[in-house]
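So that you can tell them apart, the chains are marked A, B, C and D in the order they are listed, and the count of residues begins at 1 in each.
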Amino acid sequence: MSHLLALTMAAPALAAVVLLAIPGTSRTALRVVSLIGAVISLAGSIWVATLYDRALGGLQLLDTVPLVPSLGIHLKLAVDGWGVALLLLTGVIIVTGVLASWSVAKRDKEFFLLLLVLVSGVYGVFISQDLFIFFLFYEIAVLPMYLLIGIWGSSHKVPSAGPFGFTWKRFEVGSREYAAMKLTLMLLVGSAAILVAMFLLWSNSGARTFDMQVLEATKFPIAVQHVVFPLVWLGFGTLAGVFPFHTWSPDGHASAPTAVSMLHAGVLMKLGAFGVLRIGMVLVPDAAAWWAPIVGAVAVVNVLYGALCAASQKDLKYIVAYSSVSHMGVVMLGIATMNAAGWNGAVYQMVAHGIMTGLFFALVGLVYERAHTRTIAKMGGFAHVMPVVAGFFTLACLSSLGLPGTAGFVAEFMVFAGAAKGASPWWAIPGVLGAFVTAVYVLRACKTIFWGPAPVDEFAHLQDVQRTEWAAPLVLGSLLVVFGFWPKLLLDFIDAASQGYLGRLPIVALAQAVTP
Amino acid sequence: MNAWLQVFSLDFAVAALALVVLALDAFLRIPGRVLGWLTAGVLASVLVASFFVDTSGVVPHGVYESGAWVVFFKRLFLVAGLLGVMGSIDWLEERTPRRQAEYYALMLFSLTGMMLVPGARDWVLLLVAFELMGIPLYVLAAWAKTDGPATEPKLGPEAGLKLFVTGVASSAFTLFGLALVIGETGSTALSALPVQLTPLHTTGMLMVIGGLGFKLGAVPFHMWVPDTYQGAPTPFVAFLSVAPKAGGLAAFSVVMLSGWAQHVAVWGPALAVIAGASMVVGNVFALPQTDARRLLGFSGVAQIGAVLLAIAANTQEGLAMALFFISTYVFTNLGAFLVVHAAAQSSGGHEVSMLAGLSRRSPWLGAALLVFLLSLAGIPFVVGFWAKLFVFLAAWRAGLSGLVILAVVVAVLGLFYYLSVARSTFMAEGTSSEPIRAGLGVRLSIVVCLLAVVGLGLWPRPLVDEATRAASAFMQKH
Amino acid sequence: MTLMNCILLASALMAIGVYGLATRKQAVAMLLSVELMANSANILFASFAHFRGGPTGQVFVLFALAITVAEVAVGLALVMLLYRRHGDTALDLASEARQ
Amino acid sequence: MSPVTLAIVATVAPAVAALLLLVLSPLRHRGAPAAWVTLLGSLVSLGAAVMLLVARLGGAPDARATIPWIEERGRAMAEIGILIDGVSLPMLIIVCLVALCVQVFSIAYMHDEPPRAFGRYFTLHALFLFSMNVVVVSPNLLQLFAGWELVGLTSYLLIGFYFAKPAAAQAAVKAFWMTKLADMGFLFGLLVLYVSTGGFEWTSAPSATVATWVTGLLFLAVVGKSAQFPLHIWLPDAMEGPTPVSALLHAATMVAAGVFLVVRADPLFALAPGTREVMLWVGSITAVFAALLALVQHDIKKVLAFSTCSQLGYMVAALGAGQAFAGFFHLGTHAFFKALLFLAAGSVIHAVHSNSLDDMGGLRKKLPLTTAAFVIGSLSLAGVPGFAGFFSKDLVLTSLEGKASWIPWAMLLGAAFLTAFYMGRLLIKAFWGELSERSSHAHEGNVAMTGPLVVLAIPSLASGFLGGWLATQSSAQYELHLGLTPVLASVMSLAGLGAAILVFRKGGQAPFTHVLEKLDTFSVVDRTWAGAYRIGLLGVASLAGWIDRYLIDGLINFTGWSALEGGSSARRLQTGLVRDYALLVTVGVLVLVLIGVLR
């Protein structure tokens, strides 16, 4: 099956096309078609994983269609080990995301349509081996978010204060339109930087090509690399929530509807980190090595600062959103270590955090849908009425704080080990501290929401998980545990890619020469 | 038939059509709506004919040059004219039922002028063609007191006057500059510049650039753009915002790249400044606009900046990409204006806020507007992305990387206001929920634009190839 | 009278025209200024033709005149419209469009 | 079956039980079946452990098997597996045996719970036993850490079992946070070890500096998990959990994991005398401090909780003295008699429906069997000669002879007196004297409740005699000798009991009660931690939250605001006057000409 990757990528988009033909009134049909598209893509991802030869490593399942040959643009799809892991993540999140959005009532046709288009973009990014196509898919993945948040999101009030309080006149800070606009603009500023970096690579590649394999083999002048790397880092980094360009994330994720938060925090933020890793680290390794200390230092800020911010939040979704900022810091930290443990950990953390945060947002959505509040202080004793939610929420919390036996531990441990072994061992300290702060805020939230005396009045009859709502907790929760106990399932893929790319890094070559 | 008559067959057909329309109205009292569809039909036939008629003959004295380049532009103008005419039919019928023939005739005359521009290789022909394109526009801009409801200010005269005053001032400068250039050179041939330029040459050339820049609406000759767009009938603005710009671009390329290519050192920096200023000013000024027409006007200024970037590259690739860009721009902007028009006719105003709930009232119109906006913003999988990308790549390769970076940065501002429009369309709750009533012509035009924008967005290659062929045909001769 | 003088004369006329365009408040005066500007170019054509010889300049003047006339004719019509709208031909009245 | 298979069975059986209960929710929701599944799991574990023991007595060697767990560059960065040797096997048996007893006891003790809660309780028990076994059989420090964290998790969930009670919820979270805080030390220790040796083996011999770092960091975790001063504050609060849980986790097994860790990592600690010095002092201080506080508690479980702290202090002090075996031996005996004490306390609480000593009194008439069990446990704890506790405590004290100018030795002797004294107080208050009102309705529980007491009473009495065998297993020296220390220790324990009888028989109060109660209620350590949490953590967090919303995001808003305001003000340049437009055209042309000419 030579076009397996293309099929996996296109399945959701094709489902979206089918949706166009279905009248908006046949609501079940809309959902079923969306689900079929999602499931096909997941099945495709799994198939890809089975076909991928882990021992061989490298790029596999190559599929090329020339698109604009005169400019060196080809639709070149292939997958490496990292890609396999992230494809699986995407598949799982979209399937559960569709099921979690079963109850979307408002303009559901458009909702599923945009959701599916977005996911096709995400798949595309992970399998593109042409920089240009990579960017193209990246944009597709980023843009529908504007409408998804702007239309289906939720608003709340943020009081104006601080030296910039006067800007509140112009912006309705906290409203879904504000969140959507801020998210989109910040991410697109990022993609503007990426575009410039792309041009630089393309024009300096000698061959004037966007083919990533050719670019990998090219040794770019160090001056070019030093311009490209920061552009890539901050460009993609904005999506990965790199401090101080992370502020779209709390508002965006807090305002977004459930499935969108799941996808955005679960998968899209990983696109950013994946970009930094795949393009920044692999294509311009010399500059990357020079910049790595800065990337790592900023990542460390992310971890600790994000966790502290999360600890100060009173709104449940904001807590989860800031925890994403913190956890993506772990990913970036792993990337900055530039060694196998760190990179494996970074990619593993992408998957682990994707699943964990997907689970979080699914559950938060469930709670919000029933209780109509996200203010933690107003909740209490929910475990009496929704024990299943409570249980899975606790599981997500545990993965979040890196408890062994959950995927979060394996990831964080590898990242910290990589950091400790790397050039700046001190990175591990704030990293671990961040994990402790995480333990504080997630468990406090968990306690306040779910524990305590049985709720009275309006919360007394909240329902527990129903029908399709089971999907997200069950699938994501069990994956957290499975990947926590049996990391080999994914690590084999991830490690294959890390080894391959690391072998090309100048510093690794150096280190191998020095140490026997 | 004479060979050179065949060269001009398309142009003559359009001009003749103008006369026929006038005559049919004057003598047979044919209803305006019929005239409109007739015009549209004939334009469509001419467009089809352009694929079969051989117009590649030679014209005596070298004043005109045919070829792939000319045909490319003619088809583009014909498409723009066709879409513009179709978009106007229902509005004319409703608003100025007794003056329909003149409207079509003027549009056709302007179209004739446009079609002559790209082939002109002599200043006299170029100037006459350019003015033939321009003068009817003054009249059309002031066609009606207003096209919106009675509550909107009656800005028709103002729209015409502003277009007119800046227009004549610019053409006075053009004339003055031409006088210097032609006087100093002694020939009206476009390519007659000597290798060594005198100061008078230089001054003249730059003044000509200023005059041509007016039609493109490039900074600082753009001041009329928002006011005229606001006051003139929107279906006409749809045409005005694209076709004359393509005409201006044709004139620009003909002047710069055929005659003056060797003197790029003179006009290159000036063009770069205009391009940069257009992108910055267009995007910044568009930010606070609340009227959709003004907003699109300023956005158009910014878009033109991007085209000029490609011309400033002074390469064949740059030219090809400029052609590609302007072609896509025709569909995109025309479509956007027609959607705004359709919505305004139903909701009673052209304010962006009036678009609220559009996607609920008419999902397809809303989706179409979104697609056009995304294309203008340069988002992938709609054609505007390729257009911007190709232009930037071409400029980058020609060493204009600074301007490209500037363009990329200000494009973000563009996103803000395009998204603001999208926000009104999709997110805001509208007061009315009844579907938008749009005439067949408008709907047809929008559909064509939509198909083009999406189709070319998915598969841009045919148009890229065509534009490259046209550009290479042009550049190989000069 | 040298060519340079003629150029200066034309430039002066141009300048006056521009000045008029920028300061006159009445639309008719504006039209006059426009005429001045256009004619400064015509003078330039004529003088080049005179000092450098050849028919080019003279022919061009004819075309230029025709074009200018057409322009001004349209201009007058527009001024009429302005008058109908406001009962006055003060050019500044046409400034409602800005926001 | 091979030892490896047996060890795997012993570890995994409770996991299978837990998984079954988690997945088959009807089983869990019914309640009773959950108990049987869990019990079955524990029984299998114990059976496997006993078979291992039998094999070992038959001369089987140590067993070790590992598989790669986390990979890096195609090699195993971390492994998981099992290790059965003279340390882990006794520990495995202790854990399984105590767990089984506690679970059986729980069936009776928890029978009033609704079925769902009952099921949840036993699921967590199964999970705990699995986690604890992971700790016990772990062949390297990483797996030990994983299990260590998992037992922390089950502890958290079990303390918070009565989650409707705010105090229980708070105690659970507090326990987790305090231990997690300490566990950062474990993680850092692992990282240091990994960086310097490339693995997580306790047998790897790094340099002395590294060893000091690693062991120092590991010890931090021990302080947290084994409730040593000043991180001990979570343990008394943890008594909010069901009493059997206190018996199993917070007395017998989980809290002893810290001691177990040091025993396991003894080769590393041997390289770090500095760390041992610190341990010696921390252990001694905790032993005395906690014993003093135990003296003034009115909650029967809190007395036992502080007593646990104190006894763990003994073990840590012994480890600090370099006598890992002494600590380990005390761990073993302590596990039996403290579990016994807690279960007996549970039986009492079950009978009188109160935790407070003030509600008890004269129970020996109503609860003869429980009283007997409690007395055995108390005497063992007090270190009365002949009882299990005597042997191990004596070994601990002996190991301290001459260390640090005999001061820790003296402190622990004092603590031995205190131990006997407060246990005497407890016995007298609860079981002797007048029958209190609540006590009058008390009666013994069924066999599920009394059975475990009997079973545990045996090793509480007799396990001291296994010291010699245990020592040979872990290749340590052990002989009972008659010297200064044993005599003094016996005297101290008897004196303590005697003093207690003298003081409390007439309802008197211990000397300094007033001061100690002040110390207890004021709880300096507790308040310090609470202050650090509120001000240090939440304060900084609020500051960070504010900065993020109003400064960093504010700046981003400001950027957008500037662009929009810029557009708005620039709009004024568009005057709307035609003349200005014409003028601008002129200026534009002139500028272009200037650019061209001046180029």
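Following the convention adopted for this analysis, contacts are C-beta pairs under 8 Å (C-beta built on N, C-alpha and C of every residue); 3 or more make two chains touch, one makes a residue touch a chain.
All values reported here derive from a predicted model rather than from experimental measurement.
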| remark: Taking each chain's centre as the mean of its CA atoms, the one lying farthest from the centre of chain B is chain D
| note | By Cα-centroid distance to the whole-protein Cα centroid, the innermost chain is A
| Between chain D and chain C, distance of the C-alpha-averaged centres to the nearest whole Å | 96
| field | Intercentroid distance (Cα basis), chain C paired with chain B, Å | value | 26
| said: Suppose each chain is reduced to the average of its Cα coordinates; what separation in Å results between chain A and chain C? | reply: 64
| query | Where the centres are mean C-alpha positions, what is the separation of chain A from chain D, in Å? | reply | 36
| note | Among all residues of chain D, those touching at least two other chains are 560, 564, 571, 574, 576, 578, 580, 582, 586
| query | When you check chain B against every other chain, which residues touch at least two of them? | reply | 161-162, 165, 169, 173, 226-227, 416
| message | Two-or-more-chain contact residues of chain A, please, as numbers and ranges. | response | 185
| Chains that touch, pairwise | A-B, A-D, B-C, B-D, C-D
| note | Within the complex, chain C is touched by chain D residues 571, 574-580, 582-583, 586
| said: Which stretch or stretches of chain A touch chain D in the complex? | reply: 158, 161-168, 170-171, 173, 182, 185-186, 244, 247, 250-251, 305, 308-313, 340-341, 344, 381, 383-384, 387, 394, 398, 401, 403-405, 409-410, 413-414, 416-417, 420-421, 425, 428-429, 432-433, 435-437, 439-441, 443-444, 447, 450-454, 487-488, 491-492, 495, 498-499, 502
| Quick one: in the complex, what on chain C touches chain D? | 18, 21-25, 30, 91-92, 94-99
| said: Going by the contact rule set out above, which residues of chain D touch chain B in the complex? | reply: 560, 563-564, 566-568, 570-571, 574, 576, 578, 580-582, 584-589, 591-593, 595-597, 599
| remark: Residue set of chain C touching chain B in the complex reads 7, 10, 14, 17-18, 21, 27, 30, 34, 37-38, 40-42, 44-45, 47-49, 52, 54, 56-57, 59-60, 63-64, 67, 70-72, 74-75, 77-79, 81-82, 84-85, 91, 94-99
